[in-house]
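Following this line, the structures themselves.
There are two complexes below, and they share chain A, which is joined by chain B in the first and by chain C in the second.
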Partner chain A sequence: MPDLGLEVLFKGKNMVRLLGGLWVALKISLLAVAISFPLGILLGALMTSKNPVVKGILRVYLEFVRIMPQLVLLFLIYFGSTKAFGWDLSGETAAVIVFVLWGTAEMSDLVRGALISIPIHQYESSEALGLSRAQTYLYIIIPQTVRRLVPLSINLITRMIKTTSLVLMIGVVEVLKVAQQIIEANRMASPNAAFGIYLTVFVLYFIACFPISMLSKHLERKWR
Partner chain B sequence: MKKLKRVLALAVSLSMAVAIAACGKQETEEAGTEKPAGSTSVVYRTLDEIKESGTINIGVFSDKNPFGYVDENGDYQGYDVYFANRLGEDLGVEINYVSTEAANRIEYLQTGKVDVILANFTVTKERAEEVDFALPYMNVALGVVSPADNVIESLDNWNEGDEMIVISGTTAEPYLIENYPDIPLQKYDSYATAKNAMENGNGVAWANDNTEVIAFALQNEGYTVGIPTLGDQDTIAPAVSKGNETLLNWINDEIKLLGEEKFFHAAYEATLADTYGLDYEESLVVEGGGVQ
Partner chain C sequence: MGEPLLTIKNVTKCFGETMVLEDIELEVRQGEVIVLVGPSGCGKSTLLRCINALEPIQGGEICLEGEAVDAKGKNLAALRQKIGMVFQSYELFPHLTVLENILLAPLKVQKRKKEEVRQEAMALLDRVGLSGKENSYPRQLSGGQKQRVAIVRALSMHPEILLFDEVTAALDPEMVREVLDVMLSLAAQGRTMIIVTHEMQFARAVADRILFLEKGKILEDTTPEEFFERPKTERVKQFLNMFAFHAVKSPKAAKEASGEI
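And then the complex of A and B:
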């Protein structure tokens, strides 16, 4: 067994600090998920609208957020909002805003994709059966869309959790930053700690993301 | 439904406009053409405002042992932090430490999100246009480490067949290319690969920041720092937002005052001596803001 420097974890409050860092990461990402998913569903539905203005605006928004690296968005919101408007957002607030903007954009495109993947005959059959527009959506379209959305949105959630590692650039100390702090603080005493600590971070991310994947599997099976 | 759509579209377009406006602003500022500092609004807090609020925001490194790092109890430690603690104490305010990265130190000051940066901040001409540096409290220069059985003490009369190890992107690389163009360089991307090369004897010497080569020689037996300072001496100093004179003056006075009690020597002995040994105390520490 190679020396992984795992003893560093049990020094002082290091393990508690790592867990605290994970909590910061989860707080930001899950809050962003809770806000951006409903918004994304709404915008996604609007994206299928025939109105060219609505479609155009949403398209520009989506492309803007998708093309912009998250790190740039973080800098724009955190430092840019202070420079431009004098707002003094905290790092965590800025992070949540960026993740909501990003999550909403990505989610809306997923919803749009799921919606247009429902074949036209589903609508036509419903109409033939005498269902109203609302009934068509409620009983026919939305259940099918949701099923298609589950794996895609789980993917997005786990991606959002992992991308929180970028928020250290705006001064938010999350799990990866704590890991770097621990490694550096013990650079002399345990030079091998880097491997053990990163391994621990991997396990922590896994513990955070795996239940979400399991939930997705469970839902897919249930709705089959 | 139509109305809702319109409202939503408006909301989205508004947020887009905001984002784009922020974006445009950023670009012009980065171009750095027409920027009378603080023309629109004052971003920083004056000395009195800081005192009144009872807290000072100080940006430090949280993962650069031994300058600024966080110990196992979650407390900030290191040479920079030792000084920061004293600043807070003498100001009579609490300190809110902000974890900064090398890449965002200037942004933090430009937006006033911290009052002072104490993050091993090397004074350069380019940076001095963006922020105001106080008096220095530490020296940095380049250094050269070589094996103890073949110590290189001068870069003049370089042996043609010998190669010098450098890490790409460090200040050593451009310095050597400019001043000693005859020395063949062996470039490595990271500290770890350069260290391996040194240990394998791929080059006769390794040039890097002198703090780094000193630490290397102390931690690895059989190596000596033949040239502890090479080229221009740079300094490390606290920085405040451009134009924040009350705070700048107070820090300068404080540094001068602390010189009388040899504060930075004490700071060195408390924080850096473990890494660099006491031999380099005089060459690294700047006391009372004066560079020898």
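And then the complex of A and C:
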């Protein structure tokens, strides 16, 4: 068995530090999810509006955020906007802002897609039964939209968690950065630690994302 | 005969520049079964959709029991409860079970008691041969079963009038029959119905009056016997010949279609 340097994990508080790093990653992504999902639902509903100006603005926003690599967005907010506007942002705050911008754009597109995928006849048959517009949304359209939306949005959550590995580039000490620090600190004592530590990081991401991904699979099966 | 249940006066409907219904006049009495036939694109489905204001009209008036059906009217929801509609593609709500599909409107719109509505729904399901299916989801049913559920869903609102928009057009032949049988029994009960269909033999069996529409106008408004045996216009003869033509390979079917049997 090759030396994976796993013993480094048990030196000092290394394991606790790694878990702390994971917590930072989860905090950023889940906070961003909590803010961007309601915003995304709102914008997604607005995207189906008939107003060409509203639609145009939202389209530009969506394409802009989507085309831009998340790393560039992070740099733009953390290094760019702080210089340009002279405000003071911590790395974590900048990360949350970027993830909210990105998550809102992605979520709104999912909501828009789910809404327009409901056939017009569903509205008509509901109204033909005498349901009001509000009742049609409450009992027919929203439940169907949510069923289409939940598996997709859960995938988005796992994507957001994984993408937090980029925020080390703006100086946020999350799980991957902690791993690098541990490896650096033990370069002499355990030169092989890189493999073992990164493997641990992999497992930690997996533990964080797997239950969420299972939930999505389960809901997909349940609602088909 | 009292007042007509449904009155359609000078109704005009346009999609942009194209006129799809022109000056339609029609009175439907309680218990009457009207069948609308005509070539595709003649406006039959549009006329049905105008009757419960799924399509706004540009001129004229549609009145149910003296009240105007208006797409912008305040009591539209109340009027629509009196107008049951069944669509070609069933349009059951896929996230609800058969029973939930049926109960939704009576409970939420009419605020009736759940137990009463449920019992009635079960009895209706039984009548259309679907007892035991109440907890199935629409995706678990065949097309014919879905369409029968859709009919029960419309009936559960106790409508004054039922509109059927090519309800068998999307069905396999053997399922067409089960749906048409349900409609025949509704007609036998004295329900007021307006039916758009391409099933000519069924039209003949079920109708009190047959209306032939072409290019948005009513060309003939007559009894089934007159319509099939002594059509007044060349256009109707030509139209009926199309069905005879389709059936020439089987002599019996050809005779039926041309009205000899």
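Definition applied: the second predicted complex is superposed on the first by the 216 of 224 C-alpha atoms of A that agree within 3 Å, B and C clash if a C-alpha of one lies under 4 Å from a C-alpha of the other, contacts with A are read in each partner's own complex, and residues count from 1 in each chain.
In the analysis below, a residue touches a chain if its C-beta (ideal position, glycine included) is under 8 Å from a C-beta of that chain, and two chains touch if they have at least 3 such contacts.
Values in this document were obtained by computation on a predicted structure and should not be read as measured data.
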| item | value |
| --- | --- |
| Partner chain(s) touched by A:Gln144 [first = chain B, second = chain C, both, neither] | second |
| Touched partner set for A:Glu220, first chain B, second chain C, both or neither | neither |
| Touched partner set for A:His121, first chain B, second chain C, both or neither | second |
| Contacts of A:Gly80 with chain B and chain C, given as first, second, both or neither | first |
| Contacts of A:Glu63 with chain B and chain C, given as first, second, both or neither | neither |
| Touching partner for A:Gly12 - first (chain B), second (chain C), both, neither | first |
| Most chain A residues touched (candidates chain B, chain C) | B |
| Footprint overlap on chain A, comparing chain B with chain C | none |
| Complex contact set, residues of chain B against chain A | 5, 8-9, 12-13, 15-16, 19-23, 25-26, 29, 41, 43, 59, 62-65, 69-74, 77, 98-101, 103-104, 107-108, 110-113, 219, 274-275 |
| In the complex with chain C, residue positions of chain A that touch it | 119, 121-122, 124-132, 135, 139-140, 143-144, 147, 223-224 |
| Contact footprint of chain A on chain C as seen in their complex | 52, 54, 77-78, 80-81, 83-85, 87, 89, 91-95, 104-105, 108-110, 139, 150, 153-154, 157 |
| For the chain A and chain B complex, residues of the former touching the latter | 8, 11-14, 17, 42-43, 46, 49, 51, 53-54, 57-58, 60-61, 64, 75-77, 79-84, 86, 88, 101, 168-171, 173, 177-178, 180-185, 187-188 |
